[in-house]
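The next block holds one structure in the form of structure tokens; read it before the comments.
Each chain gets a letter, A, B, C and D, in the order it is written, and its residues are counted from 1.
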Amino acid sequence: MLKISLDKLDKLFEAIAASQTLYIPADREDGAAEYRKYESGMKLSNKLNTLRSAKDFFFPQTENLVDFKMEGKNIDVIDVREESEDFVIFGVRACDARSFTILDKVFLAEPVDSYYKNRRDHSTVVTMACTRPAETCFCGTFGIDASAPEGDAACFSDGENLFFEAHNEKGQKFIDSISSLLEEGNTSKLDDVREKTRDILKKLPLANLSTDNFGGDKLNEYFNSDKWGELSESCLGCGTCTFVCPTCQCYDIKDFNTGHGIKRFRCWDSCMYSDFTKMAHGNPRLTQLERFRQRFMHKLVYFPANNNGEFGCVGCGRCLSKCPISMNIVKVMKALEVK
Amino acid sequence: MQRIGVFVCHCGTNIAATVDVKTVAETLGHEPGVVISQDYQYMCSESGQNLVKNAIKEHNLTGVVVCSCSPRMHENTFRKAAAAAGLNPYLVEIANIREQCSWIHKDIATATEKAVILGKAAVAKVHLNAPLTAGESPVAKRALVIGGGIAGIQTALDIAEAGFDVDIVEKNPTIGGKMAQIDKTFPTLDCAACILTPKMVEASQNEHITIHSFSEVTDVKGFVGNFTVTIKKKARYVDETKCTGCGLCTEKCPMKKVPNEFNMGLDNRSAIYIPFAQAVPKVATIDPNYCMMMKTGKCGACSKVCSVGAIDYKQQDKFIEQKYGAIVVATGFNPINLDKYDEFAYNQCPDVVTSLELERLMNAAGPNGGTLLRPSDKTHPHKIVFVQCVGSRCDDSKGKPYCSKICCMYTAKHAMLIREKYPDTEVYVFYIDVRTPGKNFDEFYRRAVEQYNVHYIKGMVGKVTPRSDGKIDVQASDLLANEQLHIDADMVVLAAAIEPDKTARPLATMLTTQMDTNDFFTEAHPKLRPVESATAGIFLSGACQGPKDIPETVAQASAAAAKAIGLLVKNSITCNPCVAHSDELMCNGCSSCEKVCPYGAITYIDKEFRMPDRTTALRRVASVNPAVCQGCGACTVACPSGAMDLNGFSNSQIMAEVDAICK
Amino acid sequence: MQEAMINKAKQLLADGTVNRVIGWKRGEFAYDITPAVFESAEELDSEFVYDDFTSANVSKYLVKECKKEGRILAFLKPCDTYSFNQLIKEHRVVRENVYIVGIPGGPKLDAEKIKAKGITGILGVKNENYTLKIDTVYGEETMPFYEAILDKCASCKSKKHVVYDELIGEDGDVLDSNRFDMVEKLENMSAQERYDFWREQLSKCIRCNACRNVCPACTCEKCVFDNPNSGVENKAPADSFEENMFHIIRAFHVAGRCTDCGECSRVCPQNIPLHLLNRKFIKDINSLYGEYQAGEDTTSRAPLNDYNKDDCEASIVHERGVE
Amino acid sequence: MQVNENKEFEPLIVAFCCNWCSYAGADLSGTNRLNYPTNVKIIRVPCSCRVNPMFILRAFQRGADGVILCGCHPGDCHYTSGNYFTRRRMTLLFSMLDFLGIERDRTRVEWVSAAEGAKFAATMNEFTESVKKLGPNRRLEDLRCRKQ
């Protein structure tokens, strides 16, 4: 496999950034990792994952859709769409990489979301295999191998070198573009590392969590489960889980009056919010129980029902560590399963 | 869809000289919702108003913006015009392009630009104006006067004179208050009782006046025109309706060692008593703390001698509830307690007295029958020292920061009376300043100094020490001569500061009126509304509002009566529709709004609401009484959820103006 | 402690004093503890937990709980009692419907602090003489207890319970805390530095509303920021202004009401030190209008619902400190 | 913010004036022809205590460079106590804005009575000058509202 020595990462990043915009996970001052636009000298974070998911690249929290310009009693409609430039997201973990597939199923299905597609088309996703998964990881539950991530191209560290592997044409093009920095390397140590990682993955506390009892056919079993009351009673109705989630894809479209025009924009919405999908007649889900149920039913039942059994969760564990009251999909799955 | 008319006034050249009114009218004509935009020479003139009225009818306008002078000038004019044309008057907004534009700016271009922006702000606001209707609230045709001193009596007489029923609530067994205890009045030196007691009798005989003596207000509910007051008639153990005031019981009562409050404790009364001969009502009262019958069950002397059987040892407090349209507070004042003034030896020496005690000592109905004698040995004093400002104009916590106002004059009166009656008595007055602003006041004071040779000394008394020989050593400084003085006086008279009655503060809470830090009631405006409290329907009479002498008190009492009558003659009152209102669905019931409301207009009710989960729950929500709310808006900012909003100046209206201006 | 609490809860359930108990429920790991309502002795025995990670302030749940049938037992830490008292003051809870057992408070642990040390794959955490023994899939790790405590506990203001029906353990005292140190540090920076500091912090905001929704002072039936008719509704920080606006107004709305329980910063997924905004108001109130601790009592007037005729003028802001 | 032909920075000032004192004071400065800059635009409110901090932030969001709040002198409030509440609210709000690094001189509270037309004009002249020195409001503006 082609490889580069880890101490030459700077050179690699410089080379990528010379031709297109590069984003890498970097540590910010408070210690958390976030994707940042690469600038000289920036160091790759050694954190397991970024605090916010990578979905922002394709589905940003807010996005202007169209402007209306008002002059007296006239209104002009202005398309504010900008063609995206090519960019590389480096160091995406297996879970986030899978989340893109899930988002694609939503935004690239007819009618195609052209804003999303534009960014997706211009991106190259370079993933990186995990070597130190955390207790909150349960990507395996959804058939994801943290040591063999998807993406256009993937890379693997054996502690000294970074090995590259292309998964498609885009990925191959990316590797070709940096091939001058790469050399063929021996993967025997890497194989050990991967073996070890897989061992660890098996030992994680959530390793045995299974989706066997969930899926598109479970609507009736779970919708009226008496567990929802107990599960949702401590839910604060905040949007933390939704906003750190790599697969949550609900949004709201709003108009902002700037004084000299209207900016129509979309922004993330959360099914946990009291005004979620509020319509002229009111709100279809009046209680927090219903809203809470919606989130988990969507991920575990509705989404697989509409997407050939694919679940709306990738087991990244962000909600497990960020929920203010530590209620999460794992607890929900375990509670529902118990009959 | 809104149909707004814009009317730009030239105001002759007042506006048109600096603002290009045509441009303003034309530009505003392009604003969303504006269907007609006109300019005219004088919009406030008859024909200008007709222009507006016709436009309202012709274009079926939903809102009107007049760009003209200040709304303080003609807002009402245009509101009336709109109303006459069938448009709700509160759908009119004024853009002030004269006082706040053409008159202060010189450059036509920038002034015009600003006028347009102000016009746009008004258009933006009027888009959100809601039609408002001034509510009406009925007025109960009865007044309550709290306090039966000269202030309360005068107010009650004036209100009764106008033909309205008035109730006086007096906490003591008789009305009359402080004035009844005073001997003579300055600056005319006529006898206080001679001028007061006829008024007391007049009050008791007036068919419109009901006197609740020995009574207290215990609860006040409601609002202007519609108060419900609970009055406690304290048990006096004598049936008021039967007692003839013959006084036989007071003579026969064996318990005669009760300090006599009326005479400031300078002599004693019996356990059953009538405070003084001219008391109104002239009804006996039993003091249960001293009555043998009440304490031990053995006696009953009064009951035996009472030929009408008025004595009732088992009498209970009685509560009556009454509706009033107006309430006048006349709770008066008291001299402060001098216990903390050790330097003046008030508690050590009986011959150190307060001025009010001196009044009683000199009064013909007083303990000495009008002869001035020392309380200690009943001898005639030959040297009397008066100390001014005892506790007045004081920075420390013992006293009061304010001037008690009446002391300078009554001390001059005392000094003069003593010198007149006892020329062999020397009188010294120690003062900080002598304040005599009042008709014939300074002349009066000068007479004391010049004609009666009262020794006025600028300086403070440092220490008063009773000596074993019965004399009192007064150590003082003479600031003008810059020397220390020692006077061996026979008597010392302290001009104690006066303070509001202790019942005033709990009463203010009940009435939701405001008090200052000294517990004087706060008037609605210190200059322009001196006899009204900030709470509608509550008026202030006499010294409860601030230190006052008798003429001022009577003047204010009549003024308060006039204000109360002005309210009582109305069958109903029109309420300002620009008042706060609470959106019950958003209200948290947290009480923040209530805390900042200066009028007590906000109350809370428990109301049943449908909850999201289809159950119902009881929630505490704020409710604004539009008859009481004056529309300041303090509550709207105190409310975190924005449930509280203000008609005419709503959050969205003000923000629309901000947006328009900042556009 | 946990044992004593379970016993107390069982006893109060058994004698009918209460019909349910609000406390905390064990999670998947050592630290992911969820507030929960228990209705039976069995539930208490199997799931009730009170340990070094039990930090969530349950007083806000009582707004909802006290409207239900019967009385609820609430275990309140000292800081939680201030929140509850403030809710009593604002008529948001019905005191009689809650039976309060005061329990000793923190310091409580912050799992994020442990993870920040690079410790991961956590299977268990034990406190042995104030050294944390952390069992992980990668082997055992240790770290000093006090390096892992929550920031809010590091500047604890009081160990005293201001409202309770009974206590387990001794009551403590109000403490001299260093809680205003960081506010002061910021005050002493230049305006530009302060601006840069807050821009960096607030630009992290994702408007998840966790700070607001966890806040025991934010119990509005409808928040202005969720209300389309309020004119300031916004769902996402679409501009840096909106990031500022939300946090300024939120802090202003709880000014004089915030008890400084620190939950806002604890729950912020983006680690924004939001409590500093509240503490700034508290510090200003203390220095300008006299010491005031929200939640200390249920009758005093909140500083913003009160005034003094001699209050300083707003110009004091322009005159003091660093420009 | 406005930029005139000379390209000199012209700040936009929003002045909230209470109906009873300051608005009347502003009228009086008009009656007496006491000039102050056109930059100042007045919004009438019943009492200074009606001004919600949200209005002030709103003004900055929409492009105001300075916001001044005028009310009756303490003790003279038409509603007796409104301005006392205003004083506390604004002191705390301004302190918070300062804490966030927003220039202090963009906000101000001034007590102007109905008789103080001269004071009103002087205050507005002075405030406009001081905001002019600060330059355009950048720290508390909403970029979406900036005029292109």
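Quick note on the criterion: a contact is a pair of C-beta atoms (placed from the backbone, for glycine too) under 8 Å apart; a residue touches a chain by one contact, two chains touch by 3 or more.
As the structure is a prediction and not an experimental result, all values here were calculated from the model.
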(request) Show which chains lie in contact with chain C and also with chain D. (result) A, B
(request) Check A-C against A-D and say which one is joined by more contacting C-beta pairs. (result) A-C
(request) Return the distance between the CA-based centres of chain A and chain C, expressed in whole Å. (result) 30
(message) I'd like the Å distance between the centres of chain A and chain D, where a centre is the mean of that chain's Cα atoms.
(response) 46
(request) Could you grab the centroid distance between chain B and chain C? Build each centroid from C-alpha atoms only and quote it in angstrom. (result) 46
(message) Averaging over Cα atoms per chain, report the distance between chain B and chain D in Å.
(response) 35
(request) Mark out which residues of chain D touch at least two other chains, giving numbers and ranges. (result) 53-54, 58, 62-63, 75, 81, 85, 89, 142, 144-145
(message) Using the touch definition from the top, which residues of chain A touch two or more other chains?
(response) 256, 259-260
(request) Could you check chain C for residues that touch two or more other chains and list them? (result) 224, 231, 238, 304-306, 309
(request) Could you tell me which shape the graph of touching chains takes: line, ring, star, complete or other? (result) complete
(message) Can you tell me which positions in chain D touch chain C when the two form their complex?
(response) 53-54, 57-58, 60-61, 74-75, 81, 84-85, 87-105, 107-109, 139-144
(message) Which residues of chain A touch chain B once you look at their complex with the stated criterion?
(response) 70, 72-73, 257, 259-260, 283, 286-287, 289
(message) Help me check something: in the complex, which residues belonging to chain D touch chain A?
(response) 62-63, 142, 144-145, 147
(request) Would you mind writing out the residues of chain A in touch with chain D in their complex? (result) 256, 258-260, 263
(request) Flag every residue of chain B that touches chain D in the complex, lowest number first. (result) 70-73, 96, 98-101, 103-107, 110-111, 113-114, 117-118, 121, 514, 522, 524-526, 534, 578, 596, 598, 630-634, 636-638, 646, 649, 651, 654-655, 657-659, 661-663
